[in-house]
Structures are given as structure tokens and as C-alpha cells.
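Two complexes, one shared chain (chain A), two partners (chain B, chain C).
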Partner chain A sequence: MEHYNMNLTLKVWKQKNNKAKGAFETYKVSGISSEMSFLEMFDVLNEQLVAENKEPIAFDHDCREGICGMCSMYINGRAHGPWHQTTTCQLHMREYKDGDTIVVEPWRANSFPVIKDLVVDRSAFDRIVAAGGYISVNTGNAQDANCLPVDKQRADESFAAATCIGCGACVAACPNTSAMLFVSAKVSHLALLPQGEPERKSRAVNMIHQMDTEDFGSCTNIGACEAECPKGISLENIARLNREYLGAMFSGSKEA
Partner chain B sequence: MALNSKIPSGQLDSKWKTYKSTCKLVNPANKRSLEIIVVGTGLAGASAAATLGEMGYKVKAFCFQDSPRRAHSIAAQGGINAAKNYQNDGDSTYRLFYDTIKGGDYRAREGNVHRLAEVSANIIDQCVAQGVPFAREYGGLLSNRSFGGTQVQRTFYAAGQTGQQLLIGAYQGLERQVSLGNVEMHSRHEMLEIVMVDGKARGIIARNLVTGELERHFGHAVLLCTGGYGNVFYLSTNAMGSNVTAAWKAHKQGAFFGNPCYTQIHPTCIPVSGDHQSKLTLMSESLRNDGRIWVPKAKGDNRKATDIPEEERDYYLERRYPAFGNLVPRDVASRAAKERCDAGFGVGSSKMAVYLDFASAIERYGKVEAHKQGLHTTDKNTIMALGRDVVKEKYGNLFDMYAKITGENPYEIPMRIYPAVHYTMGGLWVDYELMTTVPNLYALGEANFSDHGANRLGASALMQGLADGYFVIPYTLGNNLANDISTKAIPTDHPAFVAAEKDVNDRINRLMNIKGTESVESFHKRLGKIMWDKCGMARNAKGLTEAIEEIKALRKEFWSNVRVPGDIKEFNPELDKAGRVADFLELGELMCIDALNRNESCGGHFREESQTEEGEAQRDDEHFMFVSAWEYKADSQFELHKEALDYEVVHPSARSYK
Partner chain C sequence: MSLTGLFLILFLIVHCYINAQIFYNDGGVRFNEAAHFMGTNFVIRTVELGLFAFLILHIVQGLLLWAKNRSRRSVGYTVSAGNKTSPWYSRSMALLGTLVLLFLIVHLSKFWGPNRLSQTTGHGELPLYNMMKEEFSNMWVVVIYLCGCFALAWHLVHGFYSAFQTLGMGTHRYKGLIKGTGVAFAIIVPIIFALMPIAFYLQWIA
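Here is the complex of A and B:
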């Protein structure tokens, strides 16, 4: 692969805190290597800002290998940028060419208030999981792991849903800011396994209730969530969640 | 102060059983009035917080990330070991124990390691019950694969995302306790001091990273589950935020630091591509199940990998270690890669890389698949296509990650890999009950030093983190807190809290007021370079002595010239990082002191002065059969305490994988 360097213009959302009004600011960076990751390009910019005695741009990031779900940039109008099934931290600069302008915003959703610059508060996701995204088994209660065979196909489907990293791109991508893909991934992960069966109905009902309480929007089957999901979580999960929820409601399950 | 490891007496395989049935208990009513602080929510912290919450303790958990689910355990790829013997290939609790002791180059405690092997099977049961979607066979039962340093298949896995699935399992358990009100969760908080009252750890000072406010939290006991300190090298496979701060604050309050120089360099990581590099990415050890490692036989061979014929390739691990081949332990594989590259056989533009090649595995799987599908074909393209699908199912996410980072397709051309800092076996010294030398202060998971000796085997970190959190601390904590049931919660206006908060505040103000010219990042990079060059894969007395002086000088420079922008009372990642790098600048010196003191090679610690003629690590059991536990005295002053390692069952011998 040919390596090259480039100069770029960045328009980045700056917002002092969640009470302040934000605005775009324009920055120039030069000598960006095509081998850098997108966040390493931000490291270069921040080093430049520190050297100029300015305040660097706040952004969330941690593992930088696409699994922790912390990074969350909205790049040129797309959650996590242009690469298919890729988090911001795994996007690399060979996507761009010399002279490009890149616009970077935080996730935009009422349920994800901005903390500072590109950093948002996604604790609503934790509260949705706390509402029922688990199997109630205390440590020490378990039987031998192989006592319970699980159909391989179902186990694989469950795993596919469980690979959700909770980054919130689905919400950011959705015009309605719906969290259905996230919630459906969690519900599917557990509903597809025999271990999840006893709490299957109450789980769906309680998690949906919490999702509504957090003021996420409604799902209108647009599909932007699936298209932008860095882990390829399928829309089939939303269909399953609807079935789980309706089934639970028709059988008289109430919120617990 | 004499170190007491509190290993129970009796036969090796009855120590833990006896402990469990004779330790003191706390009744449910009393548990409700005992408060526990858990710092860190990775596998050790989340499992401990959830389990202690279930038991009825009042738990407060803290993490610096925006959610407990993001702790760096999430990035563990390959798997988790357990002595289930589901494969009927001769595994047993003893064998897992033995492999771990040998893998650690006979520098771990027998009692701890045996306990770890005993509870390993319970971990798998627990995780399956929680809904962790491990890989399964068509019959519906759990699948296993091989990892380095063993000859059985005992590793349970979920594609290349095992850590993620295990952590989500523990996180779900934790959130369930949050919803029940048993655990109070504090995300985006960083612990900055241990509060000591009457010689015991009784709380912490934490900084709210959103508002910048300092908070005081009381606990009858404090559990540090804060991971390892590999980021002292700047470049490592750790997350950007992984740090030593909590452990280092504990160390300065009297907790001894065990074996700080024991660092694991992982053999298969994506090589450094330039000065901009901010972290390194691991390619799971599980890839060595199927990948073959090689370099060209000729020096400076610049042909493309696929143009180099079979007979001109040197599969150096298979050549040097025929019994274990590509699955030798990490320390051995890393040194062998370094040896080839240093000798001029490296590949890629930097020449600091070796190949990890899947072509033969793809072909092998392709043939099996063709046979299964009843295709009597010998067409290579068909076979390779079928094989690629199998490899994709096993390692797809890793191959994707490699392709995104390097821009190359690893299904077609071999991966280029090189060793990188990955894990630290050293950590806070703890006794059998996981308590540090500070009463009521515990360390779990990678944050402690206890179970892996001088080298950790693959798939054993997840095992240890969950063992400590799910199955060890619930017993050992009660044994201590049974003496504390009449201790009332200490109000946080107690002078000890006031003084601790003032110390933290003063230090933050000092950092902010330096107003120098050099960024925190720049100091961190400079420290990392010293550490990697002089306290990395190979170490010698001259380099270590130099490094100690260089680190001291760098620390002085940091405290007079660092620039921390922004304000204290706001979200300020630069300030968070400045505090962490300041602590790394002290830890780095202790690591070099420890490495200099340990004038032998063992596991991941390779002293060039102590090697065999064939370049293998040479231990010196006569002089170094001990744990180094360092006590902090003052700046740059540490006192060494030795805990002798008594091997009652295993007889230490030269570690051979040939």
C-alpha cells in the first residue's frame, strides 16, 4: 500500500459544557500520514492545540481497537464515518486525500446530552440494561456448563446479537433517535438462549419501558441503524424484539 | 515487616477446601451494614461488585470510563482456560496448575495457582448460566481450542471476542445489582487516594471526571481491580486510559509492590507503522493454533511473502521447539521473533516483523469442508474458498481488524506481526486472601501480582480476573470483615478524609500551575522509549542503571515543564492524563530497580547476562527463588522484602518446550 501525507481542514463541534451553546470551529492540520488512524489524526491536532496554548478537543476513546464502544464521532454526516462496520478508532486516514475538509460532530440525541465538545452522556444505555438486560443467576448457582446443550445456530445468532458494543451509533444515525437496535440486540442475545427463557417476557417489557422513559424516539423501520452499526447488528433483531414484546403483552406480562 | 502469605497448611489440593469450610462468616444482617468500595469494573471488579452485591454487602463501584462495560477486559480476544477436560485429552486440575506454574517459570505460589485451577471450572459454569454465548459444536456442547504453553485443548472462547462476552456477562450481573440498589455505580470517576484510618484502608478520594469535583467515599474495605500498568511503555495493547494510578497511590500508602519488572511482551501484534502510533493492536494467540510463523531463510529477502517458496522459509519456532512448535509460551515466542529480526531476517518495510501465515490452515480446513460437502474436487481455488470461510468463522473479527489497520488482506497474504507490551504479571503484593500489606485494602485481577509468576499463559488472565471476583474474594473478604461488624460507617468529615482530599487537591493544583511548554503526551512518549529500550524484551545492568537516571531526570523535567491546559473544575482529559503519567514516571523507576536487582532471567524478564548458550532464559533458583515485594519509603527510595517461594509439590527444573 502506498503511503502519503496530506493537509486537511477540520470543522469540529466545540461546546464548553452541557449548558453552553456550541459551534463549529475550523482547524488546519498538516503532514497527516495515510497510515494514521482517525483518532491519531485528532491526537496530532490536540498536540498542536496544546503547543499553541489552546484547549484541546475533548473526545471519548479508550481501547482503540473497535471493541470498547467508547469512541463516538459523527464524521461528515455519518456515525463513525464512511467505512462499513467500522468504529471511529478503526477508521484510517487512507480514506482521505490531500485538501479534504472533514466535519466532525458529537452523537446528536436528546437522550445523549453533550458533556463537552464531542463527548456525550450515554448512561441511558446502562439504565436500560439495569431494567432487565440480564439473567438473574447469583454466583455459585450454576450447574455444569455442558448440562445444557444449546443449538449451535441459535448460539451463533445469540452471539451475533451480543457483539453489540453499546456505542450508540444506532441512535445517532436514526432520524428519530430510536434505541431499538441496541435494545433489540440485548433482548435477542438473551431470548435466543435457553438460559434466558424464564425472564424472557418481563425482560422485553421492562427494557422497552425504560427505553421509552429515557425519551428515545420511535422506530419507523428506516434501517439507518443497521447501515451504520459498526458491528453489523441486524435489523432482524428489531423484528424479534417486536415479537417478544407483543407476545409478552398478549400473554398479560406487566412491567415489573 | 515480615511478609505473611497466609497460605493454608495441609495438602495442596485441600488448602482451599479447608479454607472455605473454616473461614469466618458474616451473617446476612451484618452484611447489610458493611460497605465495600470496588475500584475498576473489568472482569475482576465487575464480578466482585456483582457477587458482593448479591451476598448483601453495600457496594460502591467506580470506573473512569463512561460505562462499566467498557473496561479493558473487553478487548481480550482468544479465550479463557478451564480444567473441564471436555475434550477427553488428559486435562485435569493438576495439569492446569502444573502448566501455569511451569509457564510462570517457577516464580508463582503453588497454593494460589492450585486454587485458580480448582475454581476454573466453576467460572465456565457461571458464565454459561449468565448467558455468555461461548462457541459450540453441532451437538450443542461447548467448543475448545489450544493456547500456548499447553498440550491440551482447554480454552473456551467466543470467536475473537471472549473478553467482551465475559465482561458483558459480569456487567449484566452488576447492572442487576444496581437496579436492586445493592451496588451504587460511579462511572467517569477516578480514584486518586486511599483514605487510611487507624492503619486501615477506610475509603477513597475520587475525582468526578465530568465536573472535576473531588468526592469522599467511605468503605469498610477497598478493593482495587484496576488492571495492569503496561502503558508505562506508552505503546502497548492496553487501552489509552489504562493506568497504574490507583495501585500506585496504594503503594505510597504502604502497599508493597510485587515483582514490578515482570512484563509480558506478546509475540503477535500488528507492528508499529510510524511515530504517530498511539497504541498497538494484538492479534490473538489463538491464531497460533492455525497460523505458522516464519521468516525468509535468506537475509534481506525482499520478495513478496507469497513469492518465497516453501523450502526458502524458516519456520523458526517449529525448528527450535518441535514439541510445542508455534504454541510455545509468549515469552519464548517473543524472544525468538526478536532474535530473527535482530539477526537481519525481519520482513516488511521496517524489517521489524515476522510472518504469521494461514495458507496451510486454509487449505487444510478447505479439504475437510470439501469432504464434508461430498465435493470430490482437487481444484485449489474451490478448496481455498471453502477454507477461508472456516477461518473466517473462527477468526473473522481479527482478520477484519488487521485489514483495517494495515490495508492488507490477511486471507491472501500473511500477516506481519511483532511483539508488543501486553500484560503485567507484577502488581500489588497480596496474600492468599488477596489483601495487600495495607489492612482492608485488596487487589484483584491483573492489579495484583499473585498467580502468573514471571510469565502468564494465554487465556489465563480472564480466568484469574473472574476467579478472584466470583469465587475468591466472597470468601476471603468475609473472613476479615467478620472482625469489623461493629465498626460503624466513618463520617467523611473525619480528619483523615479531609487530609487525604487536601493532598489530592494540592497535587492537582501543582500540576495545573507548572504552566510549562511540553505536553503530557510528549513526556509519556519519552518515558515509553526509555522503558522499551532499556527495560523491555531484553535488559542488562548497564541499560537499567542508565534508565533509572534518565527517568529521574525526566520526572524532574515533567514537574517543572509540563503544560496542562484547561481548568480543574471541568471535564479535562489532559489533566486526567497528567496525573497518570506522573505516576508512571515513578513506577518506571521502580520497574528498572527491580529488573536490575533480579540478576537472573525468568519468564518475561530476560537479563542478557543470564542466558544459556542457545539463548534461552537462565534462572538462578539458588539466589532468586523469591517474590520481590518493594516498600515505598520516599522518592526514589524503596526497600526490598523477599517472600521465599517454597515448592512442595512441583520440582522446578529448566523450562523446556523443545
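Here is the complex of A and C:
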């Protein structure tokens, strides 16, 4: 693809802290290479702001290779921008043309309060995982791997669910701010394996309970989460979570 | 939402089947027979009470769900994804449901209400077939009915699939079947309902 440079107008959400009322601020950036990633474009803007003695824009990022789930920008109405199954760090500037205006907002959900500018607090996800995303492993010597046979299809489905990076795009994209896709991925990846069997029922009940405690909205099967998930987590996981939960409730599993 | 919705879907099948008797074009003989059975049979009348309970439960659950989900994003997005990430009807179930409810109020006040009132006050059943003929000679009544069927159709496109997904049946094996059946149901049933006022208005049936 032909390389080109572009000048852009950015409307970015600025918010001092959790309590402050935020507002959009308009910035101009010039000479942005089409080969830069979206975050690199933000780096250029921030260097420019620092040079001008202005406060840089706070945004989350870590690995910049699409696997950590930190970069959480809502770009022109889309979680992680317009590319399918892509995180913000993997969105490249060749998507945009010279003169474009880009609106960048933080994830918006009451369960993900804004910490500063584009950085939101996603610790609700950590608390959900802590409520049930674990397995029992006996101490002592490791068992022979062949004593726990795993069906190939289940292994594949479990792996597909385990690719969830907990970025929160599902919550951000959901009109209801439901966390069901995230919780379903976490429950599925353990429920499908023999290692996850001992806590299988209490896990579904406890993680759902924690999800409700965190005040996420309820799933109405709209499907925007699946469309925006950078890892392509399927709605089939939500169906599985519903089965796991119903099964646990009918067998009388209580919250721990 | 799911269980009450599925019950209402079952009701639609029965209601559609009974009313489709008018298409025999026999002056309402078969339709009146079926309507008489539905209006006087003890079992059916008991189930009717359950139907109302489920209908009200479905409405109350729906409104609570709508209010809860709306309250979870205090600061909304300035730019929204619109139809790029989800179909409009899936996001508009509360609106579509309200339209169906408004239609239901008109509909029940025209047929079910007066008929049951007449029955309970000892005046016997009303001639429903003739009432349909009369009501559906009015173009505006026909328009209201067509709007009701339109809202119902879109409500069903999402609702049918969603009910099964909530019960955990949206697996890769059955998802296509459920979605396909849902869309077929959401097209066929409202069209049969819509054909009833049209058929009377255009005098396809006498």
C-alpha cells in the first residue's frame, strides 16, 4: 500500500478525574504517517502537547501487539475503531484520509468509571474473575498428561473462549452495558475442560452473582458485543453460560 | 422474558390458526364455530387467565429490563455505532413492544372486550365474524391493524431467536435453525394476520 502523510482533527474526551465533568477538546495533528498505528498517532499528539507545555492525553496501552486488552478507545462510535477483530493498537492510520475528523471517547459504562481522559477502571472484571475463574489443583507431583483426555472439539472451543483478553469492548459496545460475553468466555474456557469440572457449578453462580453486584446491565441478545470483540468471542458462549447457570440453579448450587 | 415470550408465541399460533378459518370464505360458519369453542370452553377460558398473567408479566419484565439497562450508562456516547454492529430491531424491542401493546389495547377493545362483557352480562356471545366485517370496512382500522402486524413482525424477528438463546439453545448446531425458523415465523404469522383485515376491506371474503 502506498505510503502517505495526513493532517487530522481529533476530538478527544478530556476528564480530570472520576468526579470531574468531562468535555471534548479539539486537537490538530499533522504529518501523520499512514503506516503508524492509532496509538502511535496519539504518541505524536502527546509529544506535541508536552512540547507546548500542555497536559498530554491519558490513555491505556501496554503490549501494543493486540493481546493485552489495555487500549480502550471508542473511535467514531466503534470500540477499538472500525476494523473487525482488531484492538486500537492494531488499527492503522491507513484507515484514515487527510483532513478526517476523528472522535475518541472512553468506554462508557457506569461499571467502568473514567479514571482520567480515556482511561477507565475495569477492575470490575478482575473481581468477576476472582469470584470463580480458578480451578483446584492438588499439590505434589504433576500428573501424567494422558490421564486427563480432552476431546479435540472441546479443547478448541475452550481455547477460543480463552482468547478473551478482558478488554471490555463487549461492555462498551453493548447498548445495555452487559458483561455477559466476557463472563461467558471466562466460564466457558474452564467449563469445557476436565480441570474446570470440580467448581463448574459454583463458578457459574458466583461469577454471575459478582457480575450483578458490579451493576452491569442485562443481556438482551443484541449481539453488538460479538461484532466488536477483538478476539471474535462467539455468542455461543453466552448460550453456554446460560446453560451452565440454569443447570447450577436446578441442582441447587448456592453462591459461595 | 424468554419463557413468557415463548408462551405468547404459542398463543400467536393458536390465535392465527383459529382466525385463519375466515379464509374458507363460508360466511364465517367455521370461524364462528371455532370462536364459540374458544369463547366457551372451560379449559380455554382458564388458560386465557394464564395468558393475561403472562402478557402482563412479559410487559412488566420488559419495562423493568429497559429501565435497568438504560440506567447503566449515565454518560452516553457522542458518536454511536448505529446499525454497524447490531440490527435496529434488536435494540428497539421496548419500542416495538410498546407499539404492539398500543395495538393490543385497540384490538381487545374492539373484539375480545365487548364479547366477554356481553357474555358475562348474560347477553351471550357476539357475532364476531360480522363484527370483523364491519370493523374492517373502515380503512383507518385496517391501517392500525397493519401497523400492529408490522411492529409484531420485527418484535418477533429478534424475540423468537432471543428466547431460545436465553435458554441456552443458541449453539452452533441449532443457532441457524432457530434464527431461520424465527425469521420465517416472524414473516408468515404477521402476514396471515395482516391478510385478515385486508381480505375484508377488499371484499375477497364476504
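By definition in this document, the second predicted complex is superposed on the first by the 251 of 256 C-alpha atoms of A that agree within 3 Å, B and C clash if a C-alpha of one lies under 4 Å from a C-alpha of the other, contacts with A are read in each partner's own complex, and residues count from 1 in each chain.
Here, a contact is a pair of C-beta atoms (placed from the backbone, for glycine too) under 8 Å apart; a residue touches a chain by one contact, two chains touch by 3 or more.
These numbers come from a predicted model, not from an experiment.
In the superposition on chain A, A:N176 makes contact with chain C only, not with chain B. Touch criterion not met for A:M249: it reaches neither chain B nor chain C. Once the two complexes are laid over each other on the shared chain, residue contacts for A:M70 go to chain B alone; chain C is not touched. Which of chain B and chain C touches more residues of chain A: that partner is B.
Overlap of the chain B and chain C interfaces on chain A comprises no residues. Note for the complex: chain C touches chain A at residues 1, 65, 68-69, 71-82, 84-87, 90-91, 93, 158, 161-162, 165-172, 175. Contacts from chain B toward chain A in the complex involve residues 47, 50-51, 54, 65-70, 72, 74-75, 84, 86, 122, 124-131, 133-142, 158-159, 161, 164-165, 168, 171-173, 175-176, 178-179, 185, 187, 210, 239-241, 273-274, 276-279, 281-282, 400-401, 404-408, 470-471, 474, 519, 521-522, 563, 565-566, 570-571, 573-574.
Only residues 22, 24, 74, 76-78, 82, 103, 105, 108-111, 173, 175-178, 215-224, 227-228, 234-236, 238-243, 246 of chain A touch chain C when the two sit together in their complex. Within the complex formed with chain B, the chain A residues making contact are 1, 16-17, 33, 35-37, 39-40, 43-44, 46-47, 49-51, 53-56, 58, 60-70, 83, 85-86, 90-92, 94, 115-116, 119, 121-123, 125-126, 129-131, 133-146, 148-152, 155-156, 158-159, 162-163, 165-166, 189-190, 193, 195-196.
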